[in-house]
Amino acid sequence: MQLHLSTWEEVDSYLSTSKGIIIPIGSTEQHGPNGLIGTDAICPEVIAREVGERTGALVGPTISIGNAQHHLGFSGSVTLRPTTLIAVIKDYVASLARNGFERFYFLNGHGGNIATVGAAFAEIYADYSMAMPGSNRPQVRCVLKNWWDTPGVQALSKELYGDKDGSHATASEVSVTQAAYPDAIKRKEMKQAGRAPRPFADADDYRKLYPDGRIGSDPTLATPEHGKRLIEASASDVIEDYRRFLALD
Amino acid sequence: MQLHLSTWEEVDSYLSTSKGIIIPIGSTEQHGPNGLIGTDAICPEVIAREVGERTGALVGPTISIGNAQHHLGFSGSVTLRPTTLIAVIKDYVASLARNGFERFYFLNGHGGNIATVGAAFAEIYADYSMAMPGSNRPQVRCVLKNWWDTPGVQALSKELYGDKDGSHATASEVSVTQAAYPDAIKRKEMKQAGRAPRPFADADDYRKLYPDGRIGSDPTLATPEHGKRLIEASASDVIEDYRRFLALD
Amino acid sequence: MQLHLSTWEEVDSYLSTSKGIIIPIGSTEQHGPNGLIGTDAICPEVIAREVGERTGALVGPTISIGNAQHHLGFSGSVTLRPTTLIAVIKDYVASLARNGFERFYFLNGHGGNIATVGAAFAEIYADYSMAMPGSNRPQVRCVLKNWWDTPGVQALSKELYGDKDGSHATASEVSVTQAAYPDAIKRKEMKQAGRAPRPFADADDYRKLYPDGRIGSDPTLATPEHGKRLIEASASDVIEDYRRFLALD
Amino acid sequence: MQLHLSTWEEVDSYLSTSKGIIIPIGSTEQHGPNGLIGTDAICPEVIAREVGERTGALVGPTISIGNAQHHLGFSGSVTLRPTTLIAVIKDYVASLARNGFERFYFLNGHGGNIATVGAAFAEIYADYSMAMPGSNRPQVRCVLKNWWDTPGVQALSKELYGDKDGSHATASEVSVTQAAYPDAIKRKEMKQAGRAPRPFADADDYRKLYPDGRIGSDPTLATPEHGKRLIEASASDVIEDYRRFLALD
Amino acid sequence: MQLHLSTWEEVDSYLSTSKGIIIPIGSTEQHGPNGLIGTDAICPEVIAREVGERTGALVGPTISIGNAQHHLGFSGSVTLRPTTLIAVIKDYVASLARNGFERFYFLNGHGGNIATVGAAFAEIYADYSMAMPGSNRPQVRCVLKNWWDTPGVQALSKELYGDKDGSHATASEVSVTQAAYPDAIKRKEMKQAGRAPRPFADADDYRKLYPDGRIGSDPTLATPEHGKRLIEASASDVIEDYRRFLALD
Amino acid sequence: MQLHLSTWEEVDSYLSTSKGIIIPIGSTEQHGPNGLIGTDAICPEVIAREVGERTGALVGPTISIGNAQHHLGFSGSVTLRPTTLIAVIKDYVASLARNGFERFYFLNGHGGNIATVGAAFAEIYADYSMAMPGSNRPQVRCVLKNWWDTPGVQALSKELYGDKDGSHATASEVSVTQAAYPDAIKRKEMKQAGRAPRPFADADDYRKLYPDGRIGSDPTLATPEHGKRLIEASASDVIEDYRRFLALD
């Protein structure tokens, strides 16, 4: 069930059965010579929809712009400042909590979001924690799950790409986008990308370390078929994980 | 050309031909008993894509959550505070300006965004205006266009719905979403909604004035075929308007 | 009744008869070769006082600096960033709401404020809308009225100036300031100003388009007598409009 | 010379002779049973105008709402949060600095503003101080002067009121407003107000300590004639002080 | 009793005897050729500990970075923007108020903090003052005390240094740090520093006026023995002052 | 070398040999029945000082209050909101960068800081990344290292406590504080704490899951001798890690 394709009366009905929602969160940033700029938003979005279709879980609109300051050396990349992203997540959660949602499951497509989303959760919780005891607002609970960070996806990545999946513009994520948007598959010759001996800092630094944008990946190995299997694998693991999250006391 | 389906190298090429981008901006909010919560994001998104396909203009990822505080009385509605939305627009524009974009055309799907987006543009310009003279940053220019606010769409609305289109959860916008998502068409019996004798304030006030969420509309008149014609009409007008915007000195 | 010329006990008495207040809001910005920098604050201030005198309505202190970033290319112009102006309006309203005011009527003197003031109202309402249902804070209602945007003023402008009133540094507003400050009338030779074929962006852009600051006006036509009639006409229309606002359920 | 009664060309001329401006800053807050709510804005405004008339110094529009949170227990009082007031002062100074102003003399009417205005100056300076060395922006200098805190006013206060002037809703400031607005003189019987044995905190606390709003004053002693003498005395001292400020290297 | 050396159960016990806490607040900034960069944090910290040991008062962790923008012309100086410092103080107080603390006594080591801390208190109080009447949150009370601004310290300074104590990098504060950190005593030849004829503005301005960082002091006069006496004198006065603060109704 | 015990001239000398600084960052929060509230600040502070003494590296003042919203259910805990902590870190780094520091090594004592500090680094970098290319500001680099997250400490923890070290109020960290403050050792009987089957959210939730504050630890095993060995082990590993950080191109 997708929020943007539902009516408010349908959401009212849904709330009588579940207080949970899945929110895809991605990024809009370069993904190397054959990776789509929308990759990190597309991946959690298609997996969340798969989860929604199989289970009836409600899926909110994707937060498609995340923290991508380090990719701004490449055209078309877009970032929110971390403090802006914190405000977006806070307003999103508060809006839904107002009408009864209590469990927020963020399905993440971008490693660069992890820290800031964690900070956003703490910012949200702090409002509750700093209130005087005895306030009777229902508590919200938030969790972040990376779509690729599940047993099924890890096993499949290893099987399909061995040590060539990399960590940015990965073969896995490019495969997922190829399954999702077969008309937007790009062909580019390239070798497996290297890894710099150190972490990157800002955008100029990132581009110096990773001239074509990739980190350690060979995304020429990506295929739409891989993508389907990866979506399947991730969705299955996420379904279980989300159910556990809802079942927590 | 859609940004999220492009690579950074493609964006580099595009920048050698155009400094412009179209950014759909909508809202996630109730649209009455048969209108989708995503209506205001879906409409400008599908029209912008039509424009992008016909002309090669680049279309950025949709800002799908806008200013919808007055709809929070209905489940599933989501808002950003105006100051959050200002920060989002500012970061979005600054990110793209960094690599050479100069003209930002926001295609809007939600009347409630107009004031805040105008404030956001002023906030962006103020950084330039308050800088000492002689700064050599390239200027950015931003404009907001409502997808329904074009000669072709106005004529078609009148032809199709007469005085029954209304001003929220309109027959027109419901038609556009039916064309875009035919599998998500909802059937609901209802009469044309009334109009309150005064403007609304906050969410409780809005719900008191408009009990099922609609303002003045009869969206049972909506059909997917109307939607196609409306998309067509809006896209044609927007293409012209966008070209004029790019051609300005 | 003017707030700054009243005592707190008088305001207490007033509150037993009315929950409404009129707040003039203007700008401090260039108004061409013979227009005063304070024009946009002076006009709503004198009209609001006229309204206050005739009806006993309370008039708050004028917000004399607004959003004028586009005028910063001319010396003496002062702006608040839109986010600053939003904070000012929010604090102003919250302070008065604390002691019982519920209806805030902003009488505006500057087109450049409209968007930001609208965003400020939404920011204020959002606090109510995002609160859990059942909060028992009395609701506030805010409205913006442009002093020139009334039937009487429009008719008079047409009668006095035809198509020469313009849209910035207008003959009308200069007349109002001449009526209010007859000792500060400036004499300058000039022709009717032109209109640029496109909207302005930041301050440098504005000055390039409008070298002496005016848009489309011939303010040499202004006279103090016109000003008196315009004040009269606006005040009469505003009185009615304000009464309607207070009478709304 | 008053900014709001000047044209931008006159300000351009002025800037060729002086980089300085005087900015009255006050508050909108209760001033006891016979004191005007606008007292703290009126006093520095009329004194600054006197200074402007005698010397040609430019006087900017009054910041009429300051930090008055502690007065919110009395109807009609209005406050800005300190962080809002800091933003207002920062934007005001930056706007004028953009076109060449360098020396900002804030003439203050409200003790409660002193801390926040000091913080605002530090916030402004911090932008310069945290910039890399070698930035060539012209430095700005800001100073705050309380209109009552001059040798002439202190002597006159002692002469006129002895120990009955008090520290809020003082006989002195009420006299100044009576001189400025003779039609708004209020008559109320009351005795000299007491002083609490401790500082106040928030609004409820203030009202508990000072039930009618005054601190230590007997403002029934105020007369318009006293007001004229106080304005005169303050203006003379401020003229000297402002000249010293401009003459500093 | 020091908060950072206590357990939460010990704090629970303490709260049953007192709602008060002492919070040292300093700065990290140049203190001339022989003064430690930590001087302004060290002084209130050691004095507060002395107070805590003698009386059992709870001492919170030192806010060691304050408002020092004007010292950034000297290496090693660190500042918070005033708005950042306001947020820090607000969160610190709100955290402790949540569990029952009501009286906050800030023992200050840095003149440059006074204005901003005052603004922070007003920002905290404003939340209470702008709330609707009838809120039942317990009120907090905050006060700032400069460690040097007590009868005992003033007398001792005069006795030990006459007119050579100065106002930045004073002999007194250097003595206190020598008593606290005898291993970090620095030897430098220098003469009494001068005083500029005017206040400083930003960091470049400060350094121009005070080339080695000191204002009016001869800190070669400092000794650890003086430091011990000054700590003793200040602690005795602070103990009395703090008791009065707690005893206020 | 400790910044707060140095003079600005010593820092100038240091900068000619190194652009790096170590900044301890902790938290002020409950650490169970025998753990100090300052534990998370004390640990990185004493280890950083050890590093500083052995290598001459400069150590800045400890950020002793971090993100501890989840501990506010226990008296004496203090938190900064994540957005406040981001502002603190940004100002701290900007201040030192102004005079030539380029490499910032944050030695962390609190798991709850990790996300927010990561967001702060991205906020800092974003200013560089969003600037137009060609800006010539020297880049800063920031890194976060948890003092316990080193090979030597992990091995020692296993050796000393097996599976009884836990993850909050650990035997290891209590040992470190006992070595640092032998006079503040607390004796309490307790069993190894349990671990909840799920993550915590806000403060009420945390306290419900962990009634005495500990997570999985048996801190009765802590001894000052262990503490000395842990400090030694961590410092040795940190020295290496910091050198690698400085040596990066």
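Going by the order they are written in, the chains are A, B, C, D, E and F; count residues from 1 in each one.
The criterion applied here is as follows: a contact is a pair of C-beta atoms (placed from the backbone, for glycine too) under 8 Å apart; a residue touches a chain by one contact, two chains touch by 3 or more.
Here's who's who by UniProt: A, B, C, D, E, F = Creatininase.
These numbers were taken from a predicted model, which means no experiment stands behind them.
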Next item on the list: Walk from chain B over to chain E along touching chains and report the minimum step count.
Entry: 2
Next item on the list: Mind listing the chains that sit against chain A and also against chain C?
Entry: B, E
Next item on the list: Go ahead and note the Å separation of the Cα centroids belonging to chain A and chain D.
Entry: 53
Check: Hey, how far is the Cα centre of chain B from the one of chain D, in Å?
Finding: 46
Margin query: Can you work out the whole-Å distance between the CA centroids of chain E and chain F?
Written below: 24
Next item on the list: Any chance you could list the residues of chain A touching two or more other chains?
Entry: 72, 79, 81, 83, 91, 95, 98, 129-130, 133
Check: Looking at which chains touch, is this a line, ring, star, complete or other?
Finding: other
Notebook entry, point to check: What chain-chain pairs meet the touch criterion?
Noted result: A-B, A-C, A-E, A-F, B-C, B-D, B-F, C-D, C-E, D-E, D-F, E-F
Next item on the list: Mind listing the chain C positions that touch chain D in their complex?
Entry: 2-12, 15, 28, 30-38, 41-42, 60-62, 64-65, 68, 72, 74-81, 83-84, 87-88, 90-92, 95-96, 98-100, 181, 184, 186, 188, 213
Checklist line | chain B partner contacts - residues on chain F that touch it in the complex | finding: 129-133
Margin query: Can you tell me which positions in chain B touch chain F when the two form their complex?
Written below: 91, 94-95, 98, 137
Notebook entry, point to check: What residues of chain F sit close enough to touch chain A in their complex?
Noted result: 67, 69-70, 72-73, 79, 81-83, 86, 112, 114-123, 125-126, 128-130, 133, 139-143, 197-199, 201-205, 248-249
